[in-house]
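Scrolling down, you'll hit the structures one after another.
Look for chain A in each of the two complexes below; its partner is chain B in the first and chain C in the second.
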Partner chain A sequence: MSLVCQNVSLFRRRPDGSERAILKQVDATLNAGEGAMISGKTGAGKTTLLHLLAGLLRPSEGQITANGQPISHWNTFHRDRWRRQVGIIFQQPHLINEFTVLENVILPMIPRGNSISQLRKLAREALDTFEISHLANQKVRSLSGGEKQRVSIARAIISRPAILIADEPTAHQDDQGAAMIIDKFVRWKLPHTIIIVAAHDPRWAEHGKFADKRLLLENGRLRELQ
Partner chain B sequence: MIWHPLLIAVVVGDALGLLLWLGAAGTAFQITVKWAPQSAHREQIQLERRTETARLSAKFSLAVFVLSSILLIIGITNVLPAIVPGAMCGTGVLQATTGLGGRALIYRFLAFFIMMLWLSHEKLDLSRPDAPLTRYNSRLLLLALPFFLLAVITTFRGILRIDSHQAVNCCAIVYDQFGNLAAARQIAGIPNAFWVRTFWMLTILMLLCAVWSLKTKRTNGETAVGFLAVISIVWVPIAAITLVRVHAAYFYQVLHHHCPWCLFLPEHKFVGVPLFGLLIIITLEGPLSYLAAKTAANFPDLLPRAKRRSKLAGLRLILAAVTYAGMVAFPAIYWKLLYGVWLE
Partner chain C sequence: MMKAKIPNGSASGRLAPNVVDPPPEKIKKIHKIRCFGSSFPLFAWSVRDLFRYPVETILLFLSMAALVSILGTALLLSQALSSTAGLLLKNSPSVVVRRVNPTGWSALPAKESMRLAISVPGVLQAGTRIWGTANGPGGPLTVFGFDESHRLSGLAKSVPLPKRGEAVVGTGITTGETPEVLKLTGQNALILKITDTLEAKTSMVAHDMVLVHPDDARRLFGIAEGYASDLIVDVFHETEAEAILPDLSRAFPWPVRMTTRKEAAGFYGSASARRSGIVYIAIIPAMLALALIVFGVFKGQIVQSCNVGLFKAFGWTTTNIFQMQLLKALVIGIPAVTAGMVVSYGLVFRSGTSWPGYLFFGWNDSSPQLFLNTSGAILALIEIVVLIFLPYLAAALWPALRAAVSDPQDFLEYNNLG
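Moving on to the complex of A and B:
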């Protein structure tokens, strides 16, 4: 598995009709078994870049390939199917308040046709990983921000994705919670997975074992830090 | 109007199908105007998502439409004849609709034909990640809309016209069509024997063309499937005419009962269902095989898939034509062997 950005640019239209470059000629290659950390100031375009890598957006120029396939040129129908191998942790948890924690975690597995008992088992395991299995039957609306974030991580990893994309996954965590999450991310660095984390939380940088690649996004351009 | 549950089901099914198709047509219109593949703009991404919804909606609409059409046919052939006074088969029921029933069936078939073309091209389109036929398919979807609308409205008006207190002549009018026996033995001034010979010659020619289209080594095989499409288009009406005017006699075991609807009755073992079903398959698959080859020529990326679809159409056509030919030939040959004469 490899995820490659080739000369990727993204423009957005301003209200006056002119175009503003969010990302400019971004080149990056991420290989299986690697953990990449993207840092940059607020508004630098980290979230946008992650959304492009996850196939949620399409670049204005250039292309993104996964295993040599130009996924950024694909129609939504095919990109949506490809995205089943991508786990996404958004900056906001995007959970369904009316559902319980367990139901929220199960959701991405529904189209895959597993049995309900199997789904429950997988969801319990994912919740156990983040020490929140006691919340399984609670409605999401009653949770704290940090708990919601852990639920959203559990939802992203339940399908054991080949590509895990996380946007500020420790933003709402105390030191102990953040250490636990970073530790889990280090353990998920398997030979067949790619993990990409965008964070300006210094605790990621302090933890030496996660990032094989450190990328800095500045003024819409991406460069690799040595 | 007869408030029969089956007719209510047809009306509800039609209304639901039409609503779903209308919803999909709204998106299809936007696609024809605004489709910008590869654009990074939010509008395009949203339009692609709406296209998915429209695709599902149209497929569901097609399923509902087919279901309501089947219910309508069952109603016309086997349920309503018991309710409409004087009706013995679908002919009487269609008389009760004062001509609207027949028109509704024609509109239904035209809508169904375009919808099936759309469905077949949708499958081709989805075989490529860049979906090159999206705009073309949205036009097909829009093209089906007026026929769908006419089919639904005409069916509803036809149902409203059915009066359970007004007697009809039913198949008696079939006999009234001819002043003498000689007139019953010809179609448009040409003897029945000529039509039957033409039918069998065209059947053989169509099968040969279908085999040619399957065997051809040319990239698209457009010539072979082109011939196949033209022959199938000519073959279907001739097959239908000879079925009603000549071959049906061996099912009815009565001379010159030129009624297509009696073939759907249980006393004739519902033989009309497979016979007309096979005619519909051939009507669809002939042009489809050509259009798939044409698509392959215009969109080289789709070549392998389109060629496969074209060959599948050819194969289905062969199977349908052989089955149909066997079904009409067997009773006639059996009769000839049993009594030593043809029914004429």
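Moving on to the complex of A and C:
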């Protein structure tokens, strides 16, 4: 598996009608087994780049390929199917308040052909990973920010995705919680997976074991740090 | 072509290796199996989703069922009235002839009238009837002198023959203090013993009818022996009935008024149309209620569009989202339409329900028994589907479909998520 950005640019229209470049001619190659860390100031475009890589957005120019396939040019149906290989952790947890924790976690698996007992088992395993299986039947609105973040990570990994994309996954965590999450990310670095994390959090840098590739996003341009 | 990976193995805390894509020749077979297997969790999820908001779901169900029952009752009544009138008119004479005078009508000589009618080319047979209106305990009633000759028509075959002093009554007849006895007052008074009740299927025309022996009818109305109230004529070809009316009129030496079966059908048809029109006016508030329901469902779906964006971010396809919304709509819609139709069927066709008779004929007691043919029932069901079910389905599916074909990012930005 490889994920490649080729000359990717993204423009957004301002209210006055002019266009603003969010990303400019971004080139990057991410290979299976790699952990990539994207850093940059607030508003640098990290979240947008992650959403492009996850297939949630289409670039204005350039293309994104996965295993040589131009996913950014695919039609809606094929991109929907392709996203099943991606686990995404949003900056905000984006959980559905009316659902229980368990229902939020199994959400990605509902249309994939597993039985209900399989789904429950997978969800319990994912929640166990973050020691929050006791929250399974609670409504999301009763959780703390840190718990919500862990539920959203459990939801992203339940399908064992080939590409895991995380936007500030430790933002709402105390030191102990952040250490646990970073440790899990290090353990998930397997030969067949690509993990991309965007974070300001210095605790990622302190850990040191995760990032095989460090990328800096500045003024819409991406460059690799040595 | 990349395929969705089905998780396998236990991987507490680890991302398990992904399944390798099967060879292309096996993909189709596996896809079939998975499609079948995947429908149940999606169905369970859809039902669960509905019951996250139980009050809204139950209210929606009740509103839909009430709307269907109101509209269904009107449509079924209209259809049933038409069917029942058609059934009864099929058994009625081609032409009815009455002798008229400046004050109303008068009795006609039975044998001479029949002879004159038969002499007209195109007439197949002729017969006479003795009948009129008399006062009963509950108001005016139609009293009919009934003998063996009247049992020739299809509907009257099974009607029991009343003997002298006996009466066979329609389902809407109110008796006095003694249920088995009926007192009638016309030119003369009669006290009759009720021996039987007419079949429910004739109640649309025989609802307030009393069948008595012809001699009793003569006595009640003061009609002399050898005279009759009117003359009934059957013709060779039904289409010729109107054509022979001038000849028939000329055949009698006294003024007559004639009514054809077609005119009688027109009377029933216009009465039915008039009543149906009133019902349709009553339906206007129901249709406004439908508009409110549709608007509510539509708005609810728009609010949930951000959820659709999230579903898509996690690999739900447009088809999955459409299936889920369709299942949710059908889980409420089908039982609501079924319940509404069952209620309307009961209201229209259950014997003894009083309000349809009141609405259509102004009867204050039990209603006539109505009948529905298959084509009428199907037509009513189609009208319900088009008027209520399709707008509801469109309101439930359209916003979700719009969201489902867009980029998930657009809907995540609504963000009423936790």
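General remarks:
By our rule, the second predicted complex is superposed on the first by the 226 of 226 C-alpha atoms of A that agree within 3 Å, B and C clash if a C-alpha of one lies under 4 Å from a C-alpha of the other, contacts with A are read in each partner's own complex, and residues count from 1 in each chain.
The rule we apply is simple: a contact is a pair of C-beta atoms (placed from the backbone, for glycine too) under 8 Å apart; a residue touches a chain by one contact, two chains touch by 3 or more.
None of these values were measured; they are calculated from a predicted model.
Look at chain A after the overlay: chain B and chain C clash there.
In the superposition on chain A, A:40 makes contact with neither chain B nor chain C. Of the two partner chains, chain B is the only one touched by A:74; chain C is not. More residues of chain A lie in contact with C than with the other chain of the pair chain B and chain C. Within the superposed three-chain model, A:58 lies in touch with chain B and with chain C [touch as defined at top]. Of the two partner chains, chain C is the only one touched by A:162; chain B is not. By the document's definition of touching, of the two partners only chain C reaches A:114; chain B does not. In the superposition on chain A, A:11 makes contact with chain B only, not with chain C.
Within the superposed three-chain model, A:220 lies out of touch with both chain B and chain C [touch as defined at top].
Counting contacts by the rule stated earlier, residues 57-58, 69, 76-77, 80 of chain A appear in both its interface with chain B and its interface with chain C. Of all residues in chain C, those touching chain A in their complex are 2-7, 10-18, 34-35, 37-38, 40-42, 44-45, 48, 52-53, 307, 310-320, 405, 407-409, 412, 415-418. Listing the residues of chain A that touch chain B in their complex gives 10-11, 13, 57-60, 69, 71, 73-80. Looking at the complex, you find that chain B touches chain A at residues 37-41, 44-45, 48-49, 51-52, 55, 126, 129-131, 134. Residues 51, 54, 56-58, 66-67, 69, 76-77, 80-86, 88, 90, 92-99, 103, 107-116, 119, 122, 125, 128-129, 140-141, 143, 148, 155, 157-162, 164, 184, 187-188, 190, 192-193 of chain A are the ones touching chain C in the complex.
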